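Two complexes, one shared chain (subunit A), two partners (subunit B, subunit C).
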Partner chain A sequence: MEIYHLDDLSLLQQHLLAQYQLYQVVKNDDKQCSWQQQTKERNEPLIAELPQSSAKDFFFAEHENLLIFNGEYFQETLPTPAPFVLFGILSCDLTAISYQDQFFKDDPYYQARRQQCLLVGLDCIKPCQQGFCPTVDAGPGVREHTADIILHPLENHQWLLISTNDKGTEAIKGLSLKTCHWHFLTQRDLTLHQCEQEFTDDSDITQAIDKLNNGEVSDSFWQQLAVQCLGCSGCTTLCPTCSCYGTRSITDESEDKKVITQQRFWDSCLYEGFQREASFHNPSAEAGKRVQRFWQHKFGNEFFAEFNRHGCVGCGRCEQTCPGVIGVHSVMKRINNNA
Partner chain B sequence: MCADLVKTICPFCGVGCGICLKVDEQGQLLSVEPQQNHPISQGKLCDKGWSTAYAINSDQRLTQPLKRINKSFYPISWQEALTTIADELTAIIDESGSQAVGVISSARASNEDNYAAQKFARAVLKTNNIDHCARICHSPTVAGLKQSLGSGAMTNSAKDILETDLMLVFGADPTENHSILGGHIMQAHAQGTELIVVDPRVTRLAKLTPMHLQLKLGSNIALINALLHVIIKEQWFDQRFVESRTQGFEQLAKHVKDITPESVESTTGVSAELIRTTARAYSHAKRAMIFYGMGITQYVSGTNNVISLANLALTCGHIGKAGTGVNPLRGQNNVQGACDMGCLPNVYPGYQAVAELENQEKFSKAWGTKVTQQAGLTSLGMTKAAQSGDFRALLLFGEDPVVTDPDQNHVQSSLKNLDLFVVAELTMTETAKLADIILPAASFAEKDGTFTNCERRVQKVNQAIAPLGEAKGDWQWLQALAKEMGSKLLNWQSSEDVFNEMAALTPPYQAMTYQKITDNSGLQWPCTNETPNGTTILHQQSFPIGRARFICVNQVDIDESTDDNYPLLLTTNRLHFHYGCGSMTRNSPLLERETPPGVLFINPIDAKALNINHQAPVSIKSRRGYVETRAMFSDDVPVGLVSMPYHFKEAPSNQLTNTAQDPVTKMPELKACAVVVAALAKDQVPKTIQQLQEGK
Partner chain C sequence: MLSHIPDAIELVDYIDDGEQARHYQFRLVNINKPSEKNTNNNTAKHHWQDAQPGQFFMLNVPSIGEAAFTFTEPPNEQGEFRALIRQMGKLTTTLFTLPKGDILGARGPFGRGWPLEKINKKNIIIIAGGCGLAPLVNLIDSLIDNLTASQQLVLIYGAQNKQAQLLTTERERWQQHIKIYNSLDEINDQYTLVENESQGTPLDIVDIALATFIKPATTALLCGPEIMMNSAAKKLVDNGIASDDIFLAIERRMHCAIGLCGHCYLNERYVCKNGPTFSWQELQ
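Here is the complex of A and B:
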């Protein structure tokens, strides 16, 4: 690990722009945040705000062609993106990428994009509205193993820059930076600790996780809760760790020959058809079963064992987007009160 | 990657949620996300909204004009299409007069498109034959509320849901059809707002409340009159409001004097006790909102059903204040706007009556041409007249009446009988298949304009991508067609020009501009010089007709009851996965996977008696038609009642539905008809209607 002092963030941005396509979270006139490409000319200030859509579609595309068969041979469809950097990605979303890296370890489409990406993490020093990252070990400070470079804001628009691995070190090569004293790391720890203290009480969530894993949540509770699941797919679409997909063949017969494209697209385990078999048999035909499974994937011990962490990174996006008012905070509260 | 995030309005349903379209560097629509700070949807979308990109990017989209020769379609140029249409229209008008031609516009299209459509009909074709699908959803709302209150629109706003004490949901299934608004209702209920659901089916909302009045099909008026009886007898009504703001209360009191809860128990199937509890809860609530949908309007008694709901709200003074009102949940994204724009035979934009000489003069002067005095035909009137040969040419866009209108066979044969049938569409619908000329339409993502949602909020729709292929926006091709016919009356440079012309002639839109709409995240009409920031709650000080009117109405039974040959009642419903005829939502592999192409919901007790298994193939027959589909066991429908969604062209419920009409609005009784259901051989795949008809 190398620690530097950075006086002017734009020097780093310009330096990276010379080697990478640079994406950064930008806020529009309606205060909506999204990942947008930056250029030398268009270079907006770095903000520590959660974009509504996480960064997962940089690697796991919402729709992509897996293969094309044109009647004679199969065509390669592996993506070949130019090197790119996600500049200022927050800890929760970085934790999610690290989680997805495990899930898509052997997926060539995911990995083709992932290999081209440099992750520049940004520490949060203020809690966000729905977030509870400290509860699930996903923030507010960037976890070292999840980013190549970490940025930590200091006073007077100064920054602490931490390179966590060779990829990070390689990326900042040639940039004139002052190495700085390790006590800045202590200061960072203090700031992050203070930020953690500012998060609201998380006992609803921790207690509900215990209840969930102790088998204290009844089937009838899930059934009643699931009446409010409209199967919109909003939670699974916005959840940075959700990775379910479906596939379909698209046949194009408009030309002389038949071209068949195998496409994969984001799916949602909350759809009734997700697990239905051709015989109409469905292990999760009831909405209650589907909702239960979703939360089990996020907080169940069996998945913790597999991924070495919870499936939830505490970003709170599901709470905001669920039309049925059964996002994470609402569900955990109800588990505590009623289950 | 996403290069641009274009803020616009979701094209599904009347809630009008804020949606952002993600567009890549090549100008392709990638996907969508919600607008986080939209005044209604606040970062939420339903499954239809989330799958918008599938509907727009579909490889099924039409990209060039097509001409039918015998049974096949061939691509032609726009010029050839316009010349052909113009020549034939002119010839038909010369031969048979303007009454022989007409336009059916679309509640999915923008206000600008709809304004252009009615102006094209009235100023260029010289006919009032202009209508759209509100005929089969909320025409009774417009007619009923106009009589009772003076204005046929939702009286309050979506935000009122979080300011009310009681929500009475009458014949509406908002979590399925208006999911985000349904979500508001669930949220309010979770926070302690009382919820009463009146519905023959156990809807999602009904499962959340102990107060579910599971009435029999079509017994709305009996139930409401009994509620009024209790409220008046117990002196629970708002005397001050009744005296100061209404007229006709004495007659109403007399009218319901003998309609006791006990006297309607057998008609409604609702216990007298539950009627009394409901009457008490609604009348005692400090603020109470009524929501209603097709379970009120799609009956022969549709207009009277609406009137009785108005009677109920007026009696308790639950109107003209925050958290109250009579609130129709309008189906399509712009059905409110299509009505506002005057795409109805009897009114000009802003509900200015066609029959009034003063209005005829106003529009003749504004448009620089004399408009006709002759009354126009409704959409069902046009298809009926086509059957007899009196009506010969129809331009239709963005609707699929073959799937969505009652008695499919009648609609099909009428449309086939036309000399000229032009359809502008996104994809090849069942209706488009009957057209002589098909025009490729631009989708909402490909045009600028405005939609008006069910709470009267006019919102800006912004173009995100270029029109696919040679597709054109509706006002653009209507303008081109007018020019081809030698008329310069449709002459606009931009959709903003269309809007400005419309706003100048439409009093409730008077003070609106594109800029103001954008700056305010939408403006709710009336937005006039007196109310420049719009109006969130109607009727606060007075009604447009001065005092609101109590109108006495009587229970009217459904037109077709069961008998030995047709022993079950069929009603229609919607699934949250799909929208209308399914021409957009069924392009999503996710939504399409959710259900078989057509389902019949049946109570397991009825199914068992008929030897039908879950998911088994079944036949359904009514006096008008026959379809095959799959049975879906559901306790949500009571014994004796089966239900079918109308989204599926393979098994259209409208083969079966009744054409009996509301005498006031010609609204067909889509919510009730008698059928007989039978099991098919176990391994038989249900035949689609197309297969069945070809087999004939």
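Here is the complex of A and C:
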């Protein structure tokens, strides 16, 4: 780990722009935040705001061609993205990427994209609106193993820059930086600790996780809760750790020869037909069963054991997209009160 | 890295079996092992010769997509293999229209098959319903080949009705070596039941079948509709078979077969990766 002092953030941005396509979170006119590519000429200020959509699409694409069939054999169609940097990605989303890295460890499409990416993390020093990252060990400070470079804001628009690995060190090579005193790290810890204190009480969530794992949540509870779920897939689309997909074939007969492409696309385990078989047998025909599985996947001990952490990174996006029904705060509160 | 890419196979032949079901014979177009890399784009990407009884493969019908099927005969040295396929949805309906000689795709073998080390030399009761007999064909054949003097094997096979019965040739062949009970959910008035045939579900015959054993059955293999398997497993436990000696082959919709797409989940497990064979104990 190397620590530096950075006076001017734009120097770093320009330096990275020379080697990478650079994406950054930008606030749009409608006040929504999203990932947008930056250019040397046009470079927005860095903001610590959670974008509506997470970064998962950069690695696990919403639509991805898997292969083509030319009538004789099947050929892999791996993506070949140019090197890119996610500049200023927040800790919850970084934790989700590290979770997906494990899950898609042996998936060639995910890895082809992932290996091209440099992750520059940004510490949150104020809690966001719906987030509860400290409860699930995913923030607000960037976890060292989840980013190549970490940025921490200091006073007077100054920054602490931490390079956590070789990839990070390689990326800042040639940039004139001042190494800085370790006491800035202590300062960072204090600031982050202070930020953690400012999060609202999380006992609803911790208690609900216990209840869930002690088998104290009844089938009828899930069913009652799930009747309000429209199965719109909003939460599974926005959740940075959701990874279910479907596949489909697309036939292109435009020219004289026929080419068939097989594609995968984001799917949702909350859809009624997610597990429906050709015989119409459907093991999860009941909405309650599907919603239960979703939350078990996020908070169940079995999954914790496999991934060494919860499947939820506390970003709060599911609550934002589905207030009062199936979002994390609503569900956890109802588990505590009624289950 | 996991391979999402099928090897090309040729649809060699098929024969009808029962109602809307066929035995398909396929042949890998190129059977070079993945290790014997050549420059040909068509080198086999999968380890076909490793297939074990109860494992499955993904059949790719190019214009439609993929679905999972078990081998009734695993790939031989020439790369030929067979599967019993029932016409059910879009993929199989399209498959049934395809002529011999067409090129399709296959990936596999996948999953955890029958636990041979826990099965060999045991007294085994097998309960299968409908198409559920397909994943057992290969295993029953080899069990019969290696049957010891003191070992007993009994099969209960249930079908909706006479027309829905599958694998008649195979069952006739096995009949010469092992005891088989057939159950039919429905029979019409004119029909007279033949020997070892009864009306009802496989569950109705479990007691009779268990009584056939000179030394008690210690192991059970189940394959068929999940409700049937669950009830059968409970019944077998009541009859003294240990829950970790009862094995069920679970069916789920599958898109990837490599533990990624999520479709085949069964609680915290993925049937494609952790199954399709599970002990009853694992499922509790």
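The working rule: the second predicted complex is superposed on the first by the 330 of 339 C-alpha atoms of A that agree within 3 Å, B and C clash if a C-alpha of one lies under 4 Å from a C-alpha of the other, contacts with A are read in each partner's own complex, and residues count from 1 in each chain.
Methods note: a residue touches a chain if its C-beta (ideal position, glycine included) is under 8 Å from a C-beta of that chain, and two chains touch if they have at least 3 such contacts.
Since the structure is predicted, the reported quantities are computational estimates derived from the model, not experimental observations.
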Combined model on subunit A where subunit B meets subunit C, clash or fit
fit
Scan A:L67 for contacts with subunit B and subunit C and give back first, second, both or neither.
second
Touching partner for A:Q228 - first (subunit B), second (subunit C), both, neither:
first
Spatial angle subunit C-subunit A-subunit B, Cα centroids [nearest 10 degrees]:
80
Once the shared chain is lined up, is A:D267 touching subunit B (first), subunit C (second), both, or neither of them?
both
When the two structures are overlaid on chain A, which partner does A:R248 contact: first (subunit B), second (subunit C), both, or neither?
both
By the touch definition at the top of the document, which applies to A:Q32: first (subunit B), second (subunit C), both, or neither?
first
May I ask you to decide whether A:P283 touches subunit B, subunit C, both, or neither, giving the answer as first, second, both or neither?
second
Where does A:T237 make contact in the superposed view: on subunit B (first), on subunit C (second), on both, or on neither?
first
First (subunit B), second (subunit C), both or neither: which does A:P323 touch?
first
May I ask you to decide whether A:G174 touches subunit B, subunit C, both, or neither, giving the answer as first, second, both or neither?
neither
In the overlay, subunit B and subunit C get no closer at Cα level (Å) than 9
Give me the intersection of subunit A's contacts with subunit B and its contacts with subunit C, in residue numbers.
246, 248, 267, 276
Residues of subunit A defined as touching subunit B within the complex
23, 28, 30-32, 34-37, 52-53, 57-58, 62-63, 227-228, 230-234, 237-238, 246, 248, 250, 252, 265, 267-268, 271-273, 276, 280, 320-325, 330
Name, in rising order, each residue of subunit A that touches subunit C in their complex.
66-67, 69, 71-76, 103-104, 106-109, 111, 243-249, 251, 260, 262, 264, 267, 269, 274-279, 281, 283, 293, 296-297, 300, 302-303, 306
Name, in rising order, each residue of subunit C that touches subunit A in their complex.
1-8, 29, 41-42, 60, 62-67, 88-92, 103, 105, 225-226, 251-253, 255-256, 258, 260-268
For the complex, give me every residue of subunit B touching subunit A.
1-3, 5, 7, 20, 30-31, 33-37, 42-47, 49-51, 59, 175, 179-180, 182-183, 186-187, 190, 204, 207-208, 576-577, 589-590, 593-594, 614-615
